[in-house]
Amino acid sequence: MQELLTQLITGFGLPAWLSFFLWAVVLYGMVAVVGQVAVVFMVLMERKVLAWLTQRKGPNRVGPWGTLQTVADGVKLLFKESIVGPGQDWFLFTMGPVIFFAPSFVLYALIPFTDRLVGITMPLGLLFVFALSSLSVVGIVLSGWASNNKYSLLGGMRSASQAISYEIPLVLSALGVAVAAGSLDLKTIVEAQNQGPFGLFSWYWLSILPVSFVIFHIASIAEVNRIPFDLPEAESELVSGYNTEYSGMKFAMFFLAEYASLFAMSALVVVLFFGGYYSPVGGLMLERFAGVHDNTLLGLEMVTWTVLKTYFFIFFAMIIRGTLPRLKPDQLMAFSWKFLIPLSLLNVFLVAALKMAWMTDGMLLTAGPFTFNLTYWITYGLTGLMTFIVLVGFGQLFGHKQPPLPGLSAAGP
Amino acid sequence: MSMATEQPTQSLPQGVYLEKDIDAGELTVNIGPQHPSTHGVLRLITTIDGEVVRDIEPVIGYLHRSKEKMAESRSLFQYQPTIDRVEYLSAFFDHYVFVTSLEQIAGLKVPKRMQYVRMITMELNRIASHLLWFGTFLLDLGATSPMFYAFRDREKIFSLFEQLTGARMMYNYYRFGGANADMPEGWLEGALDFCDDFEQRIDEYEAIVTKNPIFLDRTVGVGVVDAETLIAHGVTGPTLRGSGVALDQRKDNPYCCYDEVTFDVPVGQNGDCYDRYLVRMAEMRESLKIIRQAVRQIPGGDTADLMRRRAEGDEAANDIELQIAGQKINLLTYKAPPGEVMTTVESPRGFLGCYLITDGTPKAYRCKWRGASFSNLTVLPLLMKGRLFPDLMAIFGSIDVILPEVDR
Amino acid sequence: MVFNDLKDNKVTSGMVEIGRGLKTVSQHMLRPPVTLEYPEVMPDLSKRFHGRLTLLTKSDGSDLCIGCKACARVCPCVDLIQIEMHRDSAKKPVIDRFTIDMGRCIYCGNCTEVCPVDCIKMLNDFELADYSRQALVLDKAGLSLSGEESDRYRQTHGLEAQV
Amino acid sequence: MSDEPKENDKPKPSDGAEKPAKKAEAAAPPPPELGVCGKLLEGAGLKPVALPADAAGTETVQVDGGQLKQACERLRDDAQFDLLLSVSGVDNKTTLTAVYHLYSTKTKAKLVVKANGDKLPSVVSVWPGADWHEREAYDLFGIQFDGHPNLKRILMPDDWVGHPLRKDYTVDDPRLVWNER
């Protein structure tokens, strides 16, 4: 498609570099549309899931089964007055949501939905993802500052410290993936997970990087500011944190971007640890069981798997939101610096050692798909043992000991 | 404290805020009167240094409805419905205190059956009140689902109350010397059904919350306070029992028929938010115990049974002890004899008292409310000094302040 | 040394407890919702429900109220119930005016309790919202039930018939 | 709805005295004697006046305003009254009274201490919990508590005029016009 655009541009006698910009615009437009649709669905899903978790019905008035609720909300937010109060810096106040909004949606361009349906394929994709996702904190800090509100300021400050703390375990745990797959390209990482014999069980989440997966998932929840890490917008103490002063479309941008980055981060978990677009039985089901080799059909299956897996993690994040209380800032920092970061450093070291031991052809465990091999069992055993020792050992070493829980004593009958 | 209030409040022109140098020192944050977690209209003038709270000054009075002045301009019976609003989460306790004060002054005798009904309703109300506390406390800590579960079960209690009194929150049920009507048929079975159901629900709450590591992080060792300080500040109720003092009016000066049922007074050991949580959860279980025993022991049994016995001509079934309305007084013309008394009751938040002075007119000469939350709130600045800002919500939530009772 | 106290290990016990919480919360997804969709499904209210005030009439539709003003005297909201009456030539009470300001009523039920003729009662009707405060001030026509409705009310609530 | 009110025997005929309760009872024949706590105070060199016990039979003593703080200290230290339930102001039309309801968490005893006057010593140093109660009594009755660390209005707005619970308080504040119907 990019070639087509280039031909079109040059055919009109325009310079070829223009096609690059136009392509970027087209691409971002597509990403934004896909992203918006996903977000609209996710907002409805979140409200429905949270309602089910608490034995309620959730939105059920607007449209059949409440499906148009988020559309109605969006229209409402679109038409609401966007207030900029006195004492607020208009420029920064407006730029905050924009800076927060843009990177979350650009992330969509990097996710490989199939082996062909990728917005941008770049060898350093993983790095670029982290570069983008950490940009959004600038928007939060800006809007927290520009709001001229103490709650917002506190929220922005908390967000900055949280982002700094959780970027590190996030990147370090993804580093394990990069080491195992031997590449930073997201597509190569997905392909590398299609090498083992058992599909689901040979994806990185269990086969060689369980610790990485846990750290990455925790850190990704922290990265998108969801409960239990939603300190920047802690509703009970900071009212709404950095977006207290926002209304109308500016608030909607925060709202949309939060869900967009949740989708992107969940998709990243899928890509890095859950075999991306491959089915849980290894390879693609249509190809293996029906013998289909049509690229369109296979592509559809790939998209289905990616989206299904992604929504599973979104769903999981929603259940977590329904269950867990919120951490305190100091506990959040302590958890990251005292627990996650040492753990992920150790994990990187162990993965590297494992790779040194069983490295073949630049990829770990490239014995070809669907073959049984003693190497796998040894690897599994080792990783299992490693996970156990690492978790338990860290619990003993770094988990600050809590005092013995007090029982209640009853005074007399 | 004075520092927080005496800061100059000059009005700055637009835009000046951002150009001014930000003082790297302390910051005064005005929490409330409208804030998601002040549970009403409490205002907290908080001085913070980063995330550390240096000073905190509660400002109350935003919900002042002059309940005490109202007592002096209305007859006792006219005043009675409005006292449900003193502490609306446990309105039966308000009513009980007021009604008992007058009963003591006038020497009215309350039938046994009525005392049991009062006990059952008050314990159900205690559960309802603790449930609301549980929900909002967890909501303050950031967990959303427990609040909905708590409200779901609270609704069941309210349905029972609605069958009994006709209202879900403002009951106006007790009367001087009795109540305005007997229980509807099958009400006691409904209460028992609720007990059986709620036992499982409370297990679920504990599975979600009690040992959750994040919850432990937020509450264990937070807001620790010793019993002497609490008593000196007049703090009572579960907040005090969390610090290890088994001070419970139901045990010490048994009113109603609390001396005829067996129950424990759970007390904590460390006096932190977690212990206060444990105490309240255990209290709900104890309340269930009391309700079960009371339903078993209530004289006359269920209303249907009593009606049948009366229809069959059983004279004993018409015994005054089995009447629920008790000693009826003409509510229109009743003049209470002169006298004064302070009655206290173990409300879900501590000692709820009503100091009633009558002077022989239909009105009360003076009616003073001693709200448990009023005294409990005074320790908040003490507990918050030097703690982190988010601890404010945990500590404030754990002492269970209800603002209408503070302001009256 | 690390294996013998796994229960006290913060990481493992924490993961187990979080898992237990997630499981308990997830179980609720399978339970039916407890929400009532209110305008379609009306709540099941008891007979004693404190709803809109009403005046019962005799079976033939004539006034039951005797104008004793007891309800007005026990009402905690001062001047909420306003009654004007006179006696006709046969010394029978005639109610000229009977208004209740439902906007100020606190639904305590004091008035229903003191009424000597069981005239003022409370219905299960709680949908009283209106666009103006004046519309909430109900007069005698707005308050009174018809003769049949009053009979039905007395039947369901176990009151004596009034002829 | 079987319990329609009927005219029953009234518990006690009241002579409809408009006088405050305390005075009406104080005039009744056998003059009350000092109870345990009253004797304790007397032993400490103070001059408590016994008042009739309240309807629940709780001992009531009246203490001179100047001796209030010493009396409270004695009661806290010697009689173990460690919990101050409330400080209630009462307007007797002629004087203001502060009523202190005490409770002992150890002996479970109750005591009522009364002190007359519109200028009383503060007992915040005896029971820190008296802080807000005294502020309330000051706010609603205008009783001045000497030595209170922060005696200002608590329930009413800071710029309120008058003390609302006094019997002679009249509502002629123009700000209350909205309340008149």
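As written, the chain order gives the labels A, B, C and D, with residue 1 at the start of each chain.
In this section, a contact is a pair of C-beta atoms (placed from the backbone, for glycine too) under 8 Å apart; a residue touches a chain by one contact, two chains touch by 3 or more.
Computed from a prediction, not measured in an experiment: that's the story for all the values here.
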Next on the checklist: Please tell me whether B-D or B-C has the greater number of C-beta pairs in contact.
Outcome noted: B-D
Checklist outcome for this item: Relative to subunit D, the most remote chain by C-alpha centroid is chain A
Item to check | Separation of mean Cα positions, subunit C and subunit B [Å, integer] | outcome: 24
Checklist outcome for this item: Chain-centre distance (mean CA atoms) for subunit C and subunit D, in whole Å, is 39
Item to check | CA centroid of subunit A to CA centroid of subunit B, Å | outcome: 44
Checklist outcome for this item: subunit B touches at least 2 other chains through residues 145, 149, 152, 180-181, 208, 211-212, 214, 331-332
Next on the checklist: Residues of subunit D that contact two or more other chains, please.
Outcome noted: 1, 5
Checklist entry - Which positions in subunit C touch two or more other chains at once? => result 10, 14, 18, 21, 25, 28, 34, 113-114
Item to check | Parts of subunit B lying in touch with subunit C, wherever the complex brings them together | outcome: 74-75, 77-82, 84, 145, 149, 152, 155, 162-167, 170, 172, 180-181, 184, 204, 207-209, 211-214, 331-332
Item to check | Residue numbers on subunit A that touch subunit B, as the complex places them | outcome: 50, 53-56, 86-87, 89, 148, 150-151, 154, 227-228, 230-231, 234-237, 239, 321-331, 402-403, 405-413
Checklist entry - For subunit C, which residues count as touching subunit B in their complex? => result 10, 13-14, 17-18, 20-21, 24-25, 28, 34, 45-50, 70, 73-76, 78, 106-110, 113-114, 122
Checklist entry - Can you list the subunit C residues touching subunit A in their complex? => result 2-3, 6, 9-12, 14-15, 18, 21-22, 25-26, 28-29, 31-35, 37
Item to check | Residue numbers on subunit B that touch subunit D, as the complex places them | outcome: 1, 60-61, 64, 66, 68-69, 72, 101, 104-108, 178, 180-182, 231-236, 245, 247, 252-253, 324-325, 327-344, 351, 353, 355, 357-361, 365-366, 368, 370, 374-375, 377-378, 407-408
